[in-house]
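Following this message is one structure expressed as structure tokens.
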Amino acid sequence: MLDFVDTVETAVAGIKDGSTVMIGGFGNAGQPFELIDALLDCGATDLTVVNNNAGQGDQGLALLIREGRVRKMICSFPRQSDSWHFDAKYTAGEIELELVPQGNLAERIRAAGAGLGGFFTPTGYGTMLADGKETRIIDGRGHVFETPLSADVALIKALTADRKGNLVYRKTARNFGPIMAAAARHTIVQVSDIVPTGALDPETVVTPGIYVNSIVRVTGRTDSAGTTAGTAEKVA
Amino acid sequence: MLDFVDTVETAVAGIKDGSTVMIGGFGNAGQPFELIDALLDCGATDLTVVNNNAGQGDQGLALLIREGRVRKMICSFPRQSDSWHFDAKYTAGEIELELVPQGNLAERIRAAGAGLGGFFTPTGYGTMLADGKETRIIDGRGHVFETPLSADVALIKALTADRKGNLVYRKTARNFGPIMAAAARHTIVQVSDIVPTGALDPETVVTPGIYVNSIVRVTGRTDSAGTTAGTAEKVA
Amino acid sequence: MSFQSNEKSLTTSDIKRPDIKTADAPLGRNDLARLVAADIAPGSFVNLGIGQPTLVSNYLTEEQDITLHTENGMLGMGPEAHGEDIDGDLINAGKIPVTELPGASYFHHADSFAMMRGGHLDICVLGAFQVSATGDLANWHTGAPGAIPAVGGAMDLATGARDVFVMMTLLTREGASKIVETCTYPLTGVGCVTRVYTDKAVFFTGPQGVTVRETFGCTLEELQDLVPVPLTAAVGP
Amino acid sequence: MSFQSNEKSLTTSDIKRPDIKTADAPLGRNDLARLVAADIAPGSFVNLGIGQPTLVSNYLTEEQDITLHTENGMLGMGPEAHGEDIDGDLINAGKIPVTELPGASYFHHADSFAMMRGGHLDICVLGAFQVSATGDLANWHTGAPGAIPAVGGAMDLATGARDVFVMMTLLTREGASKIVETCTYPLTGVGCVTRVYTDKAVFFTGPQGVTVRETFGCTLEELQDLVPVPLTAAVGP
């Protein structure tokens, strides 16, 4: 079922302790900052978070990690120049890390949304990231077995939604949004704009509304991803 | 490398005997009729053909089958009210059939384009279409192992191409086109229109030009899929 | 607020029918289609199989706001197209020209079957040759010698939707029950059917066996005489 | 007309250089980038890794008509964006603002890595800590105790492109060869590197071991003194 909610607080209110939460975005592009802030405020803890990175600077996911709310990160690139909160928790042994090559991460998320039981991928074969995993030679090439990665909740950002929940994205901010929407049991989307049903060309819909559960309109952040806090606006 | 060719004959001239050829389309929607006719005329034989069906009536793929040019069909639904040419060859033991559930067929084609070694799918588990295949219980549910399905050549139909080979499709004529384009080593596309580079919105491209090798403009067939033969037009 | 589970579950209409009902007469195809339509929860995403299940679309109301999926790559399918509305590029899985409703979307075959296999469709309605007590489905192949097999999307539909409803006559022309202990026809899917709508009764199937929600023109006892598996009255949750 | 194979293959420039060439001096980073750029066949689809490989884009000519891929979901990436052209929604894999060229396209992460893994990119250019004689690559992790591992798309890039070119200095600061018999750093990919561009020579790597295409400021014999694996001059096909 699809709901249009008025505030990011309402949107995330159902997230329970111990949940696995996918968070869209690659760098700042496509990061649902306002939903992450609301997740911080709502108090849910013991979370497993799936994101390409493990937080940057002193915002968003980095703060969730600093506050000790993330039990485990599943990501491809935790260590960055400004990932100090993750670095500290990891070095202290206070956060678990499952490191996955970025393409395997994306494909595992897709597999969950697509109802597959797992797949063999050449990526990572013969490396330490295949340690302990099933391997198989297929057509003379080594492959690693990877399992689907699903989530209780996905927090993603899109450009525009219609009233059926169909989504379009903007440029490289699309990244993990479409596959996370399909892989999560409950998908919460922040959008810049909500348009009437029929206003999106059916040929150009990227995420059909079937994958979307909650939509909240958030304005106030510029596309160049400044640090201005956004505000949720009451939808029409 | 991308070529724009003047005729469907030139487009298919490189197809060799013994090739595996994917043909797009579901029913008449998205069927590249003119490319199939050219394949018939070019004389290539001993083909393995991948299509959802096994030819209808007295046109296109049905004629290829009638002429004995198809050694093997890989499809989900060969038997139709008007699949008499396939029926006759099959009953006479003159054509091999690999029957694949439609979603597994689509996913196997996608897996080939995506460079995966295979996947476990719940579809078909416990049925005769899983006979002889590896099975595995994953999270309490039975799965069948399915392998990627690639091709030497794909013949598909799209609505519009730009000069970079980017494609957009029309309504349910999209069907197998995008995944076949990615799964074949050489993808030949017939389009209704060719536009300058930059004329397609980058957000709405369905098949990026990286998956396309030859493009030919074909006009003359109406969208309601009459039986008028189309003609290839010299591209600008 | 609690989030919807991805698991198979009974829809709201089950909650409304704690007691078994008995109608005066067997249901015709259209009445059966009307009943199925009324049982689909508002806002559902539904795939209607080729043949009898297609009739269900005639009885869906605008208030229900049901979104129809067709596996050849579309959500938001409208009614069959006629006359000038016919467009060869816009067909359903039965290859019949259809129309597009506002809010529709198109996608390729792998994405379409990923949607189905991933459990995102709430309900799929299918015809059947046989359904077993535990919900095994046989609806694609008679297994007759020399028959050319053709499966299409039947196995994907059976496996993918959260709830699989079957619509069929209870008995074959020869009078044999299509609800059976074990399917003798080749299987389409294992343990996938959750509900069977027939002219004589509505059944729930699953790991616990077969229960009866309501009967049409017969008592539960009379029904039991026709069906070779133990039947019990369904109770509310 | 014959169709292009999907297998790893040498590009046209190899055919043009049957004899080993020797330049007077080692190549600087920019000259090396210029050389790599010139070796990329016209019309290629290319992914340039973060760091030194990015320099290659400065030397690609319009006539080459190279399409750049960035794994965060774009084909047709243009140069780095500056000033008013900066758009937070348009970044490359290094999270640097870039621009969009005519004919670009956007896609999601799974489609982007499917494109890479499926062998559709002609060339990927990467930096490296070490490359083995058979083309094993180590470029993601020093393996130092306590180091926080981060792999990003390195393994996918190494495994996916038809040809993987490495750009690096031949020697470490301590003077050790980065071309080695067996990598001592944790591997990124097995047997994936086809060519290594260094300041002192261009090498081909693969199942048959290491051959040298050209040297810069040293003879093949002098080069052999630096590299602990047998070197032979590359011959034309």
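First chain written, first letter: the chains are A, B, C and D, and each begins at residue 1.
Convention: a residue touches a chain if its C-beta (ideal position, glycine included) is under 8 Å from a C-beta of that chain, and two chains touch if they have at least 3 such contacts.
This is a predicted model, so every value here is computed, not measured.
Chains touching both chain B and chain C: A.
Chain pairs B-D and A-D differ in how many C-beta pairs are in contact, and the one with more is A-D. Rounded to whole angstrom, the centroid-to-centroid distance between chain A and chain B, based on C-alpha atoms, equals 34 Å.
Centre-to-centre separation of chain C and chain D, using mean CA positions: 54 Å.
The set of chain A residues that touch two or more partner chains comprises 107, 110, 114-116, 121-122, 169-171, 202-203.
Residue positions of chain D touching 2 or more other chains: 100, 106-107, 113-114, 116-117, 160. Shown here, the protein chains touch in an arrangement that is not a line, ring, star or fully connected set.
Chain pairs that touch one another, listed by label: A-B, A-C, A-D, B-C, B-D. The residues of chain A lying in touch with chain B in their complex are 107, 111, 114-122, 136, 138-139, 141, 143, 147, 168-171, 201-204.
For chain A in complex with chain D, the touching residues are 26-30, 76-80, 86-87, 90-91, 97, 99-104, 106-107, 109-110, 121-129, 142, 169-179, 206, 222-226. The part of chain A that touches chain C in the complex is made up of residues 1-2, 10, 13-14, 110, 112-116, 152-153, 162-164, 166, 182, 185-186, 197-198, 200, 202-203, 205, 208-211, 213. Only residues 1-6, 43, 45, 67, 69, 75-76, 100, 102-107, 113-121, 160 of chain D touch chain B when the two sit together in their complex.
Those residues of chain C that touch chain B in the complex are listed here as 70-74, 86-92, 95, 100, 106-110, 112-114, 116-117, 136, 141, 146, 148-156, 159-160, 186-190.
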